[in-house]
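Two complexes follow with subunit A in common, the first pairing it with subunit B and the second with subunit C.
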Partner chain A sequence: MEKLQQNMNPIPVRTWKWLGVNDTVLEADIPAIAGYSKQPVTEGSEKGVTITDIRLHRETVQFMEKKMDSGVSEAMRDFVKKNQNSGYFIEIEEGKKIGTPIILQYDLDEENPTLVDDHFILAHENSEVTIIINYTSSCTKNGFHSGVTKVLAQRGAVVHLIKVQMMADQDTHVDAISAIIDESGQIDFTLVELGALQTITSCKTKLVGKNSTGTIHSLYFGDQNRKIDMNYVQTHQGRESLSSIEARGVLLDHSQKVFKGTLDFIKGSSGSKGKEEEYTVLLSPTVRNRSIPLMLCGEDAVEGQHAVSTGKMDENKLFYLMSRGLSDVEAKKLIIEAEFQPILNKIPVTELRDTISTYLRRRLNHV
Partner chain B sequence: MAEKLLAIHGLHAAVEGKEILKGLDLEINKGEVHVIMGPNGSGKSTLVNLIMGHPKYEITAGSIAFEGEDITALKTYERARNGIFLSFQNPEEIPGITVEHLLRTAKNAITGENVKIMAFKKELKQAMETLKIDNTYASRHVNVGFSGGEKKRNEILQMMMLNPQLAMLDETDSGLDIDAVRIVSSGVKHFKNEQNAILIITHNTKILEQLDVDYVHILMNGKILQTGDASLISQINENGFLHLGGETPDSGEVNMLHG
Partner chain C sequence: MDKKKTVVEEIDRGLYDIKNKDRYRYKASKGLTSQIVLAISKEKNDPEWMRDFRLRSLEIYNQMPLPTWGPSLHELDMDDIVTYVRPDTEMKGKWQEVPEDIKDTFERLGIPQAERESLAGVGAQYDSEVVYHSVKEELVKQGVVYTDMESALREYEPMIQEYFMKLVTPNDHKFVALHGAVWSGGSFVYVPPGVHVDIPLQSYFRLNSPGAGQFEHTLIIVDKGAKLHFIEGCSAPKYNVTNLHAGCVELYIKEDASLRYSTIENWSRNMLNLNTKRALVEKNGSIEWVSGSFGSKISMLYPRSILKGEGARAEFNGVTFAAGGQVLDTGAAVIHAAPYTSSNINSRSISKGGGVAVYRGAVKVAPNAHHCKSLVSCESLMLDDLSRSDTLPVIDIQNDEVDIGHEAKIGRISEEAIFYLMSRGISEQEAKAMIVRGFAEPIAKELPLEYAVEMNNLINIELEGTIG
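This part shows the complex of A and B:
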């Protein structure tokens, strides 16, 4: 197996080898990367936003990304740089508040079965923007996506990045997000991982500035033989910075999931607060569910909380819904939808929310 | 002759190996209002949960028939679709699902067809007006952040919208102030007709004031100890259960009615 496919998504502090969570192996072979010929930018012509080919900004990007995390692995980062077949530099002017979400829609198909995308989002001081990147696939063979998205929120800027992945059952999805938040800036990530046979994702934020805020809301759904590996890190550097990680998911059949969530308080981040919470509903005895909440403290005057819980379906809730005429499958579907709703509600585009709900209902038909 | 709706014979039931019901008989006809009273722990909630088919309760002997069909093997949702409804003593919270969404999903499931949205909304509005429920209520998540009174009103709202043949109210009036009890009671009265029946578990006779009660049953130690007409309620209010002479559930201590 190629070196590129190994040691992906390493945990910030290694633990016992037998737990099998230190790093991850990409199981599918990486195909030859051809071009991606479709136009992914569907929305985003509002004044104050420029969306251009990232290759036109190579020097700027290189200068800024030096401080950023390398994503799922250095080898994969280099692979993306070398093989990139789509990517945008999205720049929001200072003080501009962009009301309409910018939408990038990537849809893999037989003619475009491979996607390697590289994006850089630069939100200048006191700007605001919501960006949605949606990955879908109608590939009948093995679709492949690997990408990197970097975000820089300058002083007082607010960025909401939503990534939704509904790729085909046999596809591979490797996605890395790295971000830096300056003073009083804020980045909210909403990450929805529903499809693909193997998903390896990372989201690593550095809260550099004083009073910076970073949140991650993640939702996942594993069924059949799906494997999901998530590695989220919130690194507090600035004083009085705030972070949170919230992950919710459902696992059934023979699916496997590893959740790595790290709150890292670097020396100097005094007065900072972070919390992480993960809740998984287990619907089959054959799933494999692993969660590694980590809290690293190099600073005394900080507050950190973490909670990880797993549970079967609440019998009393099921009984309540069944007493209203819902079959056990319908009741379970409703509870799962309800579980997902708070995170789905963060997506401000009704059509996309409806598409996700329809997609989920179809997948939940065999619960 | 009255049409029989529910027929329970020789019912024995256990929870986690402990026998709660010890040979219970009960028959309810269409058009009737039955009240079950009894000290705490006597098996009242067990009975209605068993009729609804809660998986935690195990029937060890006896039968439950609904409209002449033995329903002991039916799943909860099949019983609901046959026309049985339980107003829960402690209704569950369902975050993420609105009252309206649940009601529409439930109505679709029970009627077996997709209800027409406009007609549904009109019916919902009328039911909410009867129960003096604010319009915003329909878009709130089921029982999340509801007061005790709101939760119970939500149960009665569901009962009115789903229009069951047999409605069982498990202490629907408990924890409610006097005005809320009156509103709930008027909702129950509004629902009642000659084609359905109501089984009410209560410690509080206020909920019964607007209803014509046909039978009152005293449940003690897993059996119906006495059955009478509405006058039995005032006897119990005055004298409690002790004078009836049944065994008490635990160490001889009896919980008196609240009035």
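This part shows the complex of A and C:
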């Protein structure tokens, strides 16, 4: 087990050891994985979508995942394969545009304290789909989730994958996403990391096809002793591919965050553009905020840029709101909500958005 | 518009690749053992503490692994590197007395011209020893010390013992441990409180013997309220045997003092340049690095500034030009260890013809370092699709009263810019050349251009005739 917990989320290119950012360690012990007995698929699916047990598609999955990145670590990927207790193969038919989002709801509780999920989303040519995977937990102690989600968007397909994590304060969340985008395809990820004691996530996209587009919008919230480690990679292989990474977050108390965002322009990806932005608002003197925005470039005809900015809340904004009669805490809450809004707005389901807002407000009570 | 590639001609190396006959009085046997280290120590008449220090460093060197990051150093075989070569000449006080062939090389590199243009002092390191040294009289009167490390060790022993490798300790990494064991040569500068050295001091390092490593040590102490500009330039002739440079620079900047440290580095293309530079800045002091990296086969060079006192400042301006066969892994690190400190890093890199340019940086803010500010800006220009350019910055912040910004851009010459210039009647070739020069300009203007002779000789990037 011990080896499994080491060397997670390594950065694509190593740097100085003294900075301690080359990889991360999963602190909690990995519990024995029991079954997950609940039914996560809540909605009856539309025509053009088939949702089946992933184990029925072993060969197909094996063939396609060979080209995909291994996620947080190879050891963890193998662990998920072996211990998987839930997993779906979601297939969208060619040319089908699915209007209603497909929702997978995982809720850990005393009977189901461990979840190891393995999903594969296959969007055939010119299809469109939005998939939401939501992780919550009412575990009183040490809930554990580790999962892998693979996405393949074929030519012209558009996939929007939303992952929301609002697990309990003592839980562990290890989540990996690997994706491939074919010609003119597009995958948008909206990743919301709010709960769990330790969060280790990776999202690695290969923009293989010409004109493919990949975006990642990420939102995180760290308070108490939470530790968040994110590793996002957009690899440009195809010509004229477009990518963006946008991360916004707030840190307070003793929370710690490591954000690794990489734009990798492989030789041959001429005409590609990549953009990366990260904004962090720091609210306590005891936080630790680490950012590693990498840009790797083996092709000259590309444009890449990244920007990171970190600091306290804008005092002018605070002053303005307080001059309107809001208390310090209320003003801060409002600013944080406003900060998060652009990313939350990407979630097309009103109820889920409201749940997240309520959850955030409750958490912000002690700002 | 036609997507034409831009080619920037490599620096004409002919001038720097002049080899002199390998002439030496003492040459240590190949490889590194405690016998060699003891022999070096004896040869140099080290005091006892220094001899022990060397042996301790050797032990650390032998225990430490190679770094697990950065460019591959597989071609480095320490057994192949003669660690110490002492040139066959005594210390010279006058230029005329320097042996003809050595003098000739320096002459071609422009050092005497530089002196004629009233340099404050010239320290020329030929192989491992300083062969020529002079400091203007008025500086001596002001109490400024500028001498080679060996003399400093004799004349200012207590000061050297207090500061030598206390900022960069042998435990830091393998090559600095090696340095601790076999260091020789280098410069020592002490500027007394309140003294402003108006004219820059310059030191020139040069390697000549094939397969010889150079491990010079530079120690500069700028005392309270004092001011100094120090210039270091490097060049070496080309040899087929792997050459190693593992120098060490320690800069102590006291309260209200300021130091500008400029480097123009142009080692031959077979050199492994694994240099360690560090500055410790006290209250309201400032360090300003100006760094131009053009030569060497592999460079790993990241000047680190430790802002220890309140209000201390660090600035880094660096330009890196990686041509075919070169891996230039350069950058800067700043550690904000006190409140109200500020740093500004500005890096430009150009890669062409298969060259690899890497910016590797770090900004670290300690928990107590509130109200600190840092701005990092990296820009990379790729001149063709054979080359590589990577940006690897790390930002580590441990309190909330900070204002930190980082931005980086990567790309090639903008076609709109070329179009604009061409619409003004400038040829495509010249337009591209202008843009490349303009790209390096913010850094180039910080380089000591008054040393026109040396600069022109060292950085002769021929843009004309090869673009388009």
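The rule is short, and it goes like this: the second predicted complex is superposed on the first by the 365 of 367 C-alpha atoms of A that agree within 3 Å, B and C clash if a C-alpha of one lies under 4 Å from a C-alpha of the other, contacts with A are read in each partner's own complex, and residues count from 1 in each chain.
Please note the rule applied: contacts are C-beta pairs under 8 Å (C-beta built on N, C-alpha and C of every residue); 3 or more make two chains touch, one makes a residue touch a chain.
None of the values given here were measured: they were computed from a predicted structure.
Upon superposition of the two complexes on subunit A, no clash is found between subunit B and subunit C, which fit side by side. By the touch criterion defined above, A:D328 lies against subunit B but remains apart from subunit C after alignment on the C-alpha atoms of chain A. For subunit A, the partner that touches more of its residues is C, with subunit B and subunit C as the two candidates.
Once the two complexes are laid over each other on the shared chain, residue contacts for A:Y320 go to subunit B alone; subunit C is not touched. In the superposed model, A:F340 lies in contact with subunit B only, and not with subunit C. Chain centres taken from Cα atoms put the angle at subunit A, between subunit B and subunit C, at 80 degrees to the nearest 10. Within the superposed three-chain model, A:G95 lies out of touch with both subunit B and subunit C [touch as defined at top].
When the shared chain is aligned, no partner comes close enough to touch A:G35: not subunit B, not subunit C. Put simply, the nearest alpha carbons of subunit B and subunit C end up 15 Å apart when the two models share chain A. Counting contacts by the rule stated earlier, no residue of subunit A appears in both its interface with subunit B and its interface with subunit C. The touching residues of subunit A, when paired with subunit B in their complex, are 314-317, 319-328, 330-331, 334-335, 337-342. Remark: subunit B residues 52-56, 75-77, 79-81, 85-86, 88, 91-92, 94-97, 102, 105-107, 109-110, 141, 158, 162 touch subunit A in the complex.
Interface residues of subunit A facing subunit C in the complex, by the touch rule stated above, are 13-17, 19, 21-22, 251, 265, 267, 270, 282-312.
Those residues of subunit C lying in contact with subunit A across their complex are 3, 5, 67-70, 333, 360, 362, 364, 367, 370, 380, 382-385, 387-412.
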